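Listed after this line are the structures, all set down as structure tokens.
Common to both upcoming complexes is subunit A, partnered first by subunit B, then by subunit C.
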Partner chain A sequence: MVNLLKKKISRKYYNYAFAYTLIFPGLIAVIIFIAKPAYDTFVLSFSKFFFGRNLGFIGFKNFETIFSEQLFITVLKNSIIWLFVGSLLSILLGLFIALYIAQENKLSLLTRSIILIPWILPDVLTAITWKWMLNSKFGVINDILLRLSIFENPYTFLGDPDTVIYTLVFIVVWRKVPLVALFLCAAIRSVPIEYYEAAKIDGANSFQKFIHITLRHIAFSITAITCIVLIWISSEFGLPWVATKGGPMDSSHIISTYIYQNAFEHLRWGVSSAASVVNIIILCILIISYLFVNKKTFK
Partner chain B sequence: MKNIKPINIINNILGIILFIYILFPVLWLIFSSFKPSELLYATPVSYFFEPTVSGYFDLFDDGSHISQVTAPWRVLIGNSLIISLSTAVIVVFFASFAGYAFARIDFPGRDYILGGLLISRMFQGAALLIPTYQLIAFLDLYDSIIALILLYSAFGIPFATWICASGLKEIPKELEESAYVDGASKIKTIIFVIFPLAIPTFVTAGLWIFVGAWSEFAFASVLIDSSENKTATIGLVNLNDQFSASFDKVGAAAVLISLPILVLFTLGQKYFQKGLLEGSVKG
Partner chain C sequence: MSIKRREFIKKSATAAAITSPFILSSKVNASNSLKVWKFGGTARETEYWPVRNKVFSKNNPSINLNYQYFYGQIRRNKIMAGFQTKKLADIIIAFGQDIPEFEGFGMIQSISNIDKSATQSWKNKIVPEIWNTGVHNNELFGIPTYVDMFSFITYNKKAFEEGGIKEPPKNWDELREVAKKLTKPGRPGIAFPATTTVLDGTIWEGIAYSNGGRIFDENTKKVKLNDSGCVDALQLYVDLIKDGSTPDPGVMLENRFAPLANQFIGGNYAMIMLPSFSYVPWAFDKRDQFSDFLFPRPSKVTGSYDPVATLMDPTACLMVNSRSKNYEEIMAYLKFWTNDDQLKFWGTKEMARIPASKNAWKSNEMRDLWPNRVNAYNDGSLFNGSTPAPRFIGVTQIEQYMRTAIQKAVGGKMSASDALNEANDNAQEQIDVLLGG
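Presenting the complex of A and B:
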């Protein structure tokens, strides 16, 4: 009897050891290549740098520098537009598309099968394609708008400092909206059909059905996908960088392009790390709100 | 004759607009890559021309000036293939075993470790560039494709582990137990009884990791210096930055880069959607 118990306990610990062995390689990789660099970013943001050489601790000096820069204020403003206008448009347009592709007709099915294409193509390729299409001289978009007499003169979509960030938002929405649409489509299709039948008997019109049944049923999905889109749009770097490199005249920098340019073109590592910390703090706020929502949604 | 309702017409028009919105940029890219270079820079834009494949030929002609801008294109594609395939294999190998542990063994700290992995997935990006650059230099892996394989594997493991864990959970426990009764060892049971049933899950994870590594830009641009070690994505961006490179070559390069992804996507459509929904609902 005692022996059997002992065997059971040792078996239990054997199982634990087995589990830890299985997860060990992945865990180590994540610690070395993600957790450690994230920690290092904090340390670096409090260090003085001279052309990539660390000259020691200088307190909050780097943060004072970035917040006193006019450019960083532009960066924060652009990041807010990028993040919130981008997410809002992705969700609204995504919901609209989801309602369309959730139908059972040939065109909807066909659209559902190709909708992920913008999302799986590399982000730099998206940037290059749109940059080419939006070119003021040779771009097809200007050409069509001129031919239809919507524009009188070609417009430099990526060259106007006042509007360039919105052009970038438009491009990133094209890239992110398929994900939202497909996700919400799955949610819409999971609404039990009986609800609609019951509403029909009660004499509800389509708008009432949408508000009271569809929207209510997918509300949680909308909240969850909003958080996911916020996180994904905030981490986007390749697309804005390849499309404009922050230009013209630094008017389209968002936080990730600012970090990259300061680190690898201006070699201002301290400043770049301080901006990274600001970026990580924003991410943390988004992630915490996501986890909070997630808990409420799926428990 | 069936009478046509106006609502159906509106519905179909909306569908066509949506279809154009999604596909037009991709089609325009392909269209432009076959345009002769003198017509590419003509105003107004020309829509009718004799298609040419000279952009594609120039990319693969080692003597052309494009090959002096970037490395020969076959080298870049080769690098990208090596990196993406190795990353996918490494990640799926480790993630499958880790996924098994998370799915089947109730060990202390399981939920916290899994949560930590998921959160780590969200921290990848520009914020980690400088420390990663230092780390790679310290490991003496700067300008080596091994550095990219290591990094992409580390970045991919959390997501892949999650996908594998949720896939393996769906395999009935009884199968495993009956294998033990037959006297098979634990590790043998996992490899020969459980894993064959989870192949669709592994394919899903592998596809996602492959596409992620194939498309990655920020780290590849910082950690690789010499042109013969660059990836195709970096080559494309360098080509696009050159004023001397006409868009037929850029377009050709872009089409070649999207080709493997589009092929994988067409073949594995159902896996992609599965991964997307599972991966994003919960993480």
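Presenting the complex of A and C:
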């Protein structure tokens, strides 16, 4: 009996030790590559760090600097459009496509397999390709729109300061939608079929089934993917930078391009870190508020 | 298939033990190794450097050369990250415009301090004005292999013939007239790039500096974007648009110099504002169809400073990492690339560039390809009054505001003077913080 107990205890510790051994490298990686840089960014945001020289602690000066810049206000406005419109459209379109590909037919199976193409393309390649397709002189999109007589003259999608941010939102949505759709498709397919059968017997129509069964069952998945999409879109850098470099007239400058430009072009690492901290705070507030509003979905 | 824990750990440990010596050995640099990073360049240049590097390695078998090429637009972050992580190459081949900031950052060292006599012998081989593009605070920090000059107008010969234009315009008023004359439905007379790309801004700077403008006064530390030399240069852009001689401003805000040049090659415009490399990178084999001329001066210079003929930037300038001490290898490489065997490539095999070597200008090949430029070089007018492109600590900040101002004026959101006044104030704030620190 004692031997059996000892064996059980040693087995239990062995399991713990084995589990922690496996987790340890991951934990170390998180500390080195996420926690430490995040801490450094936080410290830098309160320091005057210029041209590789740390000129000491300056309190909230970097934050004052960015909020006093007209450019940062423009960047915040653009970022709000980028983040909200981008996330909202990604989720809505993703849900719409998910409902289709969750069905069992040959076409939806084919769609399921090819839908990931936008997702697997590298950011830079995506941006360059869209840049060429949207070009007013030789872009295929303008060509089609002109041939269909939808436009009378070519439209400068990436050259019009009033609409360029929406063009970029469209591209980012095109890129993010596939994974959102697949994620939600998996959630939809996990809803027990019996619920739909019961609803059918009760005479529910498709819309009612969607609202009362599908949406209720996938609510948690929608909450989760919304948080992920918010983070993805807020951290998206390559696509807007390659497509427009924040132009024209700063009308597509968003917070990630602002952070990059300050850090690597202007060498203002303190200011850049302060903008990163602002970005993290905004994102945390958004996600916490969103989770709070949707806390019911966790039940 | 089941995985046994003991077996998994054993196999992982064995794999780590086998691979670690290779990983560690790759980190250890041989004492006679030389690491070189090259940024940007044309397709021919990208092929040329490794080919000649092979010759270098053959001539210097004891030096283990590690050469890497990177896209030009990432050079600043790549170089800075390399320096911060102590992984920066011994020699970096980048833009001369970055020299003051790299030196201010302590990333590069004076080449003249490494070997004065070698520096002097190289100096004798290089065109003096081009040599100066690598000099900062009276010391050599970069060896230029060629320069690009700003700004030129490239034109379609057929369009000129059709329009009855016999001679290039001599001043801004004539330029406006010629552009109007060459404009026909669907084919604007002139186009200029106005994106936030650095080179698009430098094209405008070339025009502003030729009108006696400056973006910054290094003596007073004042931003000068609202100097009349700059304002009038931007007004010229606005006037060309108002004349109806350009494509829709959105096209010029959307397309940087390269796609715009491609459109020009395709017959979309009669003239285009470009640097000295002109049409060559895109239409090397169509020399009979295109030609270029130096951007005309204004009838009356309105800026507060001396007008310059052209701005020059060496975009393949060899610089030495401040931390590198393997001087023997470094000097061998610099000596190799300052040899005429290598330098003769520019201006001829890569005809898009203005060669740095004095001997390159004497070659028959150069005379055949660029007769006008060789004549101008021989009579001293090509480099007379030419100066390095703006370069000082803070240039990137000022140029960013400058490019946005250009866009605001071109896009019709603000007048040229208002846009530059706004940019001037914003840039001055940044410069005060920068230089005050």
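The working rule: the second predicted complex is superposed on the first by the 251 of 299 C-alpha atoms of A that agree within 3 Å, B and C clash if a C-alpha of one lies under 4 Å from a C-alpha of the other, contacts with A are read in each partner's own complex, and residues count from 1 in each chain.
In this text, a residue touches a chain if its C-beta (ideal position, glycine included) is under 8 Å from a C-beta of that chain, and two chains touch if they have at least 3 such contacts.
For clarity, every value in this text was computed on a predicted model and none was experimentally measured.
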| item | value |
| --- | --- |
| Partners on subunit A (subunit B, subunit C) - clash or fit | clash |
| Subunit B versus subunit C as contact partner of A:K137, first or second or both or neither | both |
| First, second, both or neither for A:P178, with subunit B first and subunit C second | first |
| Comparing the two partners subunit B and subunit C, which touches a greater set of residues in subunit A | B |
| First (subunit B), second (subunit C), both or neither touched by A:G246 | second |
| First, second, both or neither for A:Y16, with subunit B first and subunit C second | first |
| First (subunit B), second (subunit C), both or neither touched by A:T156 | second |
| Partner chain in contact with A:A35 - subunit B first, subunit C second, else both or neither | first |
| Touching partner for A:I117 - first (subunit B), second (subunit C), both, neither | first |
| Which of subunit B and subunit C A:F264 touches, first, second, both or neither | both |
| A:E197 touches, of subunit B and subunit C: first, second, both or neither? | neither |
| Where subunit B runs into subunit C (options 63-71, 117-125, 153-161 or 261-269) | 63-71 |
| Overlapping contact positions on subunit A, where the subunit C interface meets the subunit B interface | 18, 137-138, 263-264 |
| Subunit A-touching residues of subunit B, taken from the complex the two chains share | 11-12, 14-16, 18-19, 21-23, 25-26, 28-29, 32, 40-45, 94-95, 97-98, 100-102, 105, 107-108, 110, 113, 116-117, 119-120, 122-135, 150-151, 153-155, 157-158, 161, 186, 211, 214-215, 217-218, 222, 233, 236-237, 240, 247, 250-251, 254, 257-258, 261-262, 265, 269, 272-273, 276-277, 280-282 |
| Footprint of subunit C on subunit A - complex, ascending | 18, 21, 48, 50-52, 55, 65, 69-71, 135-138, 153, 155-161, 244-250, 261, 263-267 |
| Residue ranges of subunit A in contact with subunit B within the complex | 15-16, 18-20, 22-23, 25-27, 29-30, 32-38, 40-41, 44, 97, 100, 103, 105, 107-108, 110-111, 113-118, 120-126, 128-133, 137-140, 143, 146-147, 174, 178-179, 182-183, 186, 224-225, 228, 231, 235, 237-238, 241-242, 255-257, 259-260, 263-264, 269, 272-273, 276-277, 279-280, 283, 287, 294, 298 |
| In the complex with subunit A, residue positions of subunit C that touch it | 5, 9, 76-77, 80, 83-84, 101, 104-106, 194-197, 248-255, 259, 263, 266, 268, 393, 396-397, 400, 403-404, 407-408, 411, 413, 426, 430, 433-434, 437 |
